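Think of it as A, B, C, D and E in the order they're written, each chain with its own count starting at 1.
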Amino acid sequence: MVREKETTLYIGPQHPGITGNMMVKLKVQGDTVVSAATHVGYLHRAFEKLIERRNWIQAFTLLCRFCVPEPDPMELTYARAVEELDNREVPERAKYIRVIVMELARMQSFMLWYAGQSGSAGLYLTPQWSVGDRNYILDLFEDLTGGRIYHMYIWPGGVRRDLPEGWTDKTLRTMDYIEKRLDEYNKILFDNTIFQKRAQGVGIVPKDKAIEWGVVGPVLRGTGIKSDVRIDEPYEVYDKIDFDVPTQEGGDIWARALVRKEEVRQSIRIIRQAIADMPGGAYYNKVSNPMKWTVPAGQAWAKTESVRGEIGFHVTSDGGNKPYRVHVKGAAYTHGVTVLEKILPGQNIADVSFILNSLGVCPPEIER
Amino acid sequence: MSFIDLKGMLQPLGAVKQLFKKPHTIQYPYETNKASDNYRGLHFNDLDQCIGCGNCSTICQNDAIDMISLDNIDGKKGDSGLRPRIDNGRCCWCALCVDVCPTGSLNLTKDYIFVTDNPNDFLLTPGLDNPDAKDRLSYTCDMNTSLSLYDRVPMRELDGKERVKSFAEVVLGYSEEEARAEADRCISCGLCTEACPENMHIPEYINAIARGNDDDALRIIYDNNPLPEMCGKVCTRVCEDVCALQVRGEAVAIRWLKRYATETAPTVEMIKEIVDPKIEEPNGFSVGIVGAGPAGLTAAYYLALKGYDVTIYEAQAHAGGMIMYGIPKYRFPLESIDKQIQYMESIGVKIKYNTKVGKDITFDEIYTNNDAVFVGIGLQNPWNIGIKNEDSPGVISAIEYLKIINSDETYDVGKKVAVIGGGNVAIDGARVSARFGADVTILYRRRVEDMPADWEEIEGAEHEGINIVPQAIPTRIIKDEKTGKVIGIEYLKAKMVAEDGGRPRPVAIEGSETIYECDTVIGAIGQQADFDWLPENYKEDLIIERGKIQVNDLRQTGVTKIFAGGDSVKYGNSDAISAIADGFNAVKGIDKLLLK
Amino acid sequence: MENDKNSQKIVDYIGNFARKHSLFVLAYGTGCGAIEIPATMTSRYDAERFGIRGAATPRQADVLLITGYLSTKTLKRVIRVYEQMQEPKYVIGFGSCTVNGGMYYDSYNTINGLDQYIPVDVYINGCMPRPEAVISGFVKLQELIMAGKANNGEKYRENLEHYRSNQKKIIKNWKMPDYNW
Amino acid sequence: MTDLVKENILLNAVTSAFKIEGKVIRDRRVEVHADKNTVSSILLFAKKQLGYIHMNHMTCIDWIEQGEFELVYTIYHPVDKLTLFVKTRIDREIPVMENIDTIWDHANTYEREMREMFGIEFPGLVGEHDFILEDWDQIPPMRKEFDTHKYAAETFYTRPGREDAKDVREELSKRSGTVVPDFAKKYSRE
Amino acid sequence: MEDLGLKIFGAILTTIMAFTVGMTYGGIVRKLTARVQNRYGPPVYQNFLDLLKLQSKKTNIAHGFMGHMAPVWIIIAAVTVLMFIPILNGNLWFPNLSFHGDLIFLLYMMVFGSLGMALGAGQTGNPNSAIGVTRGLSQMVGYEIPFVLALVALMIQFQTTSVQDLTQVQHETGVWNAFANPFAFLAALLASLGMFRYSPFDIVGAPAELASGPVSEFGGKYLGTMMSGGAVFAFIKLTLYVHLFFGGAGNPDDSGILATLAGIGILLVKTFLLYMIPVFYGWINPRYRTEQAIRYFWGWPTALGIVGVLWAVFFN
């Protein structure tokens, strides 16, 4: 066979197929990727530097901007790290509210992923549906927190506001609606033979290498390894709630999609349980004056399961009123660079964007 | 590759169903989706409610909030006169500013649409630029959700039953932990500094306490108040009345925090070591001070620091003036005042006790021997109650009574005591009497909430079993015809009549005479200064109006060389902190006069 | 003369009318505001009602959305993209960041005032602007187009010196061809 | 509360093998302090012998006052669910650290970031020098001595129109005619 | 030669109609797509506004000579093909050159347009364009085979290569070719899915993969011209299909105004219904990869095409 000429192809930063403002530099022969390199930094806002200039409360407004599609896990992880340093108890009610917020965040992020996965495959019907329906979840957030995208709701010590009146009923109604709609989406996307053909056997993350590569979350579960921070290191009240962690064998896009599809059902289940079990009482353990609040010196490592996998915060305090260093590790940090560069060679260029979406690569999380 | 399978063929049916459904599109801008009741949109600030504390500006991590002065808003005590202006080119609508607003004036609204082609349009003065947004408030903050801590750390006190047994100090003071927690509440706005007659650096020393640097706190306090221990215990604390937190909750316990700071230095040596006062070289001028009250002592302290040769002439055997003789020891123990005086003397202030001007030394002598004179004589002569039989034995003024008690002498008040008046002195009189086992009743013309005394004092009195009869106008004192001793007091019940533009006035109800049987009547309706010692020629030059000396803002009297301060001066309130302010400002005046 | 003017007016009117109703938005999510673009474009808010649709490449696009902050690295690409766009072209600045730096005002890697580097037609307030606000921004842009006030490209060409010097202040390594239309 | 059995076993295993200090922070969290030269062997030991096959995280903390960088390697055991922190300190003046991307591939990303953000050199590290930043000519930005606000104020444009802002504290002291002494100013509101 | 004027008039009318119908269909499809997607969508005339806007762009950039030529080439190809297509069967108003063109010529001419695009895209130097062109040509190879097979079947069955004749046959017998040779029809129908480039065969301009493929570097007037060319081509393909398989439209014996209008009406209905098939299929399917698409065309459609040819050979 004649060796075809290598072409360099830049996916991004301005490209409809990219999952954010980043760039993947591909060397392609014909339609096949030979090598890939991730270039990030287009969204670098120097969060970790800025947080060193903010005090402990101010920092949380920055934090939720780390990764745009899912601000809440960031808030929660930071709050948990600070609570660990500060030995601060969180009221039981706040824990339940946090669980609900987390699962709603998982759902809204799932809807976006759904759109991305479907859109990158060239099916533009379900994105319209799912992103449209995502607004109903955002409406819930708006009622609860006052913001659509950036909620700035979970902070050290609990949550910012109590549940508004009638909110739980509205949530349950929305859950019913979403559940019904998910069936409709799945008929279009998951039952579609073309989608199956596209997704099966593509972008395989090998099971034996997955953990070593730093793969986490649904991608890891898609290789058949049951790993979820919610059950490994239960936080908040996940240990009191009954839910399953779906896994799939295969490690390809199809397996990951199936894992996510099942996960969102579990989210609905968790929300229903949490609303039913919601205790009364305080929702916030007031910190002292936010301007003067100091946190004892030390280091804390907190992990949370976001929709794309484990999010870790390494928070260091020197005893002052500002964080000394906050280092964030999002799921995309490994997925977007090492894993992507490892699994892209040999794939068709048509699948690059498909794989990006399936890995959940979120560039702002890589460069912060 | 299979042919299109059956399932794939039937799929469209599900989708085509949607063709005939009404789209769920919100046809904005033709139809609007209302923002939620909790939405964080543009700011709105209730300009009348806002006190310009600037807390929003401080919490804003984006440096988006400026405090600016507006045309129609002037500052007053408890209101800086500044109002927030939001730079919407910075704001991230995190609403932290709302959550820390101590008054709840700053809120977010449902308005979120602001579109313009001019980037300089993004400065918004909430409340001024969008006055109509008031109806669309959404993200608000009440006391529960607020980040401000509205509840004061309670002060530990002796139990009411316990404390009437002795003159032990009632207030126990903050522990370190409590003090840190209380200091933590302060939002450091500094509104208090303006209300304080002495303009103490309140936010700074509270902050120092909050950060655990008690020594710095003490140093900051001594910067313009040489009698903090006294202030920490008995100050009238007008500062707390304007505290930003007091608008909705309880003010920061500024007085107790000052007290805590002074308690960290229990001896004179420690004070000296911590404060480390810089005494300047003697500058050759000498100043004579009449009266060792708070005003005189303050003036003496700062004059001495500046290198003046200072001598205080005090008529009594003990320095301190009214705080020594007019304040009961359960509020302000003797050791404290001694410590303060010793500290003063240690930096070179000379005090001549038992030297009454006009008797032991003439005023002329002081006037001629010194380069400047400061007069801080205070108010000693009580006003008469002005009712029948006032001169009977068993009727005594509170001030005299307190003086007697504080001088370790005795005065038998008998079993039942009536106190007339509602000020601090009245309550002091009542509570002292209670400590001698008397059954005390306070008669006050107006309602309890109108009483000028501190609410803590009133509460303390109630805890100690003192009965307060409000809206009672004494009409006469009943004395025993044989012995001439007081056996009771008659008063009329009063009803409050609202007056135009003034506080309600008590009006006696005819025929409601009530008699309260008692052994002693203590009158506490005010005092006046005694100028008998002053030679006549000075009296005219000094300009004394209604018993008080007229001074300018540097406390200079009509006579260039004479400065005056304290209660006897018509400037500020008649309380200790005003006296200290007088002394402090007089130092500035003397400095200006002598050093230019 | 008069006739020419009138006919020019009519041509402008028709052109502007078409431009107003057919805004192709470049699919470039420069910052976090891009998260509301899908919501704006999809069924709930349906920006296509106004003829707003995505364009995949700068050559075909009319509107450049600067969705929030711009890092210096992105600024370089944005300038490149902007210059590739064909006139008449419009720029919409999203959120606080494009006005005065927003919450990243003290970051060493994000620019503060977008209008220093490329001309901006419309600013939308918010962090992030909601879809309603985004649509309002487009409506405002339509008004400007109809009034003939949106002449972004001309402004840029005329003040190229100014913009270029500002851009070069920030972008240290200018490895781009200078302007090509 | 568990009695931290697993944690203590882990701590003993690591500390006795390498003669180093360490402690159990809380349940599931164990930390050891190692010399910079032994870090890679500890990590390799933990990965191969103890089954800590997942590297969660790797971070660097700039302790400018001590003149040191602290490197924290966070590794995780997917079966025991334990997290082990390997901490080491390196000299701030000569910031060189062993490259561990042969043990975990994705360490490469962390190390490239650290090289860029802190200026730590990892001999043998492949990958372009510019990872996040582009044409950066200042000191590595995450170092504590780099003042981002100052840099931003100098480099970027600040929109005028806000010069009339007043400080509440200053306004009040101006009105009341007092001067806050210098030593007290550090306690004033920022 | 006396009806030359009429012919020119007919040609202009044809072009305008093709253009208008093509654009309007696009608009209707956008509207319907929006409805399926639970939204309102743009107005039906949106495509005209888009075109007008593109044409009124003030600056236009082209990369080299072929960059200029490609859109022109496309529109020339489109109009040329259009001239050889019978719009209405035997109608005097739209005779054009339909009596002179045959299917083989049409097949060639239809590729001609794509070729122009390929040359233009090649000159832009954008790798996305280059890959898009490669994909487009691969796909064309894919769908041309069943399509050609289907046409061959028809040609064999009716012993003619003229579109006009094929239409006339259906008119005379009253049996649509779709029923006369169902296998050829199905093969052609499936090939048409690829021809219209809706999902799952939109691999040429696949946005998430190649930005917009060959047209990546075209903007303004060039894009507008290509768009008009595309609209005309859409009409051509639809009309061709209608004439080949659905009995055409129009009455060759009556060229009166009413009959003409009725003929146009029938044509529009038939073309629209035909158009909805790929659109419909596109709504609900994701995109194939290139090799999957080719494999698809070389699978069942080709097999059907062969069966169609055999049917034509042995049953007629």
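One rule holds in what follows: contacts are C-beta pairs under 8 Å (C-beta built on N, C-alpha and C of every residue); 3 or more make two chains touch, one makes a residue touch a chain.
The model shown is predicted, which means the values in this text are computed figures rather than measured ones.
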{"item": "Touching both chain A and chain C (chains)", "value": "B, D, E"}
{"item": "Far-end chain from chain B, centres as C-alpha averages", "value": "E"}
{"item": "Centre-most chain [mean C-alpha coordinates]", "value": "A"}
{"item": "Contact-richer chain pair [B-E vs A-E]", "value": "A-E"}
{"item": "Approximate Å spacing (C-alpha centroids) for the pair chain D, chain E", "value": "62"}
{"item": "Centre-to-centre distance between chain E and chain C (centres being mean Cα positions), rounded to whole Å", "value": "36"}
{"item": "Centre-of-Cα separation between chain B and chain A, whole angstrom", "value": "53"}
{"item": "Rounded Å distance, chain B centre to chain D centre (Cα mean)", "value": "47"}
{"item": "Two or more partner chains touched - positions in chain A", "value": "15-16, 41, 44, 46, 49-50, 53, 61-62, 125, 128-129, 132, 150, 188, 192, 194, 291"}
{"item": "Junction residues of chain B, two or more chains touched", "value": "8, 11, 15, 23-25, 27, 35, 58, 61, 87, 89, 92-93, 119, 188, 207, 211"}
{"item": "Where chain D touches two or more other chains, by residue", "value": "133-134, 141, 146, 148-149, 159, 189"}
{"item": "Which pairs of chains touch, using the document's own definition", "value": "A-B, A-C, A-D, A-E, B-C, B-D, B-E, C-D, C-E"}
{"item": "Chain A residues within the chain C interface of the complex", "value": "13-16, 20-21, 41-46, 49-50, 53, 61-62, 65, 68-69, 112, 115, 127-129, 131-132, 134-135, 138, 148-150, 364"}
{"item": "Touching residues on chain B, where the partner in the complex is chain A", "value": "2, 4-5, 7-8, 11, 14-15, 24-25, 35-40, 55, 58-59, 61, 92-96, 99-100, 108, 138-139, 145, 147-149, 181, 184-188, 207, 210-211"}
{"item": "For the chain B and chain C complex, residues of the former touching the latter", "value": "23-29, 32-33, 35, 42, 61-64, 87-93, 112-119, 122"}
{"item": "Of all residues in chain C, those that touch chain E in their complex", "value": "14-15, 17-19, 21-22, 24, 27, 42-44, 46, 48-51, 53-62, 85-88, 153, 180-181"}
{"item": "List of chain B residues in touch with chain E within their complex", "value": "1, 3, 8, 11-12, 15-16, 18-19, 21, 23-25, 27"}
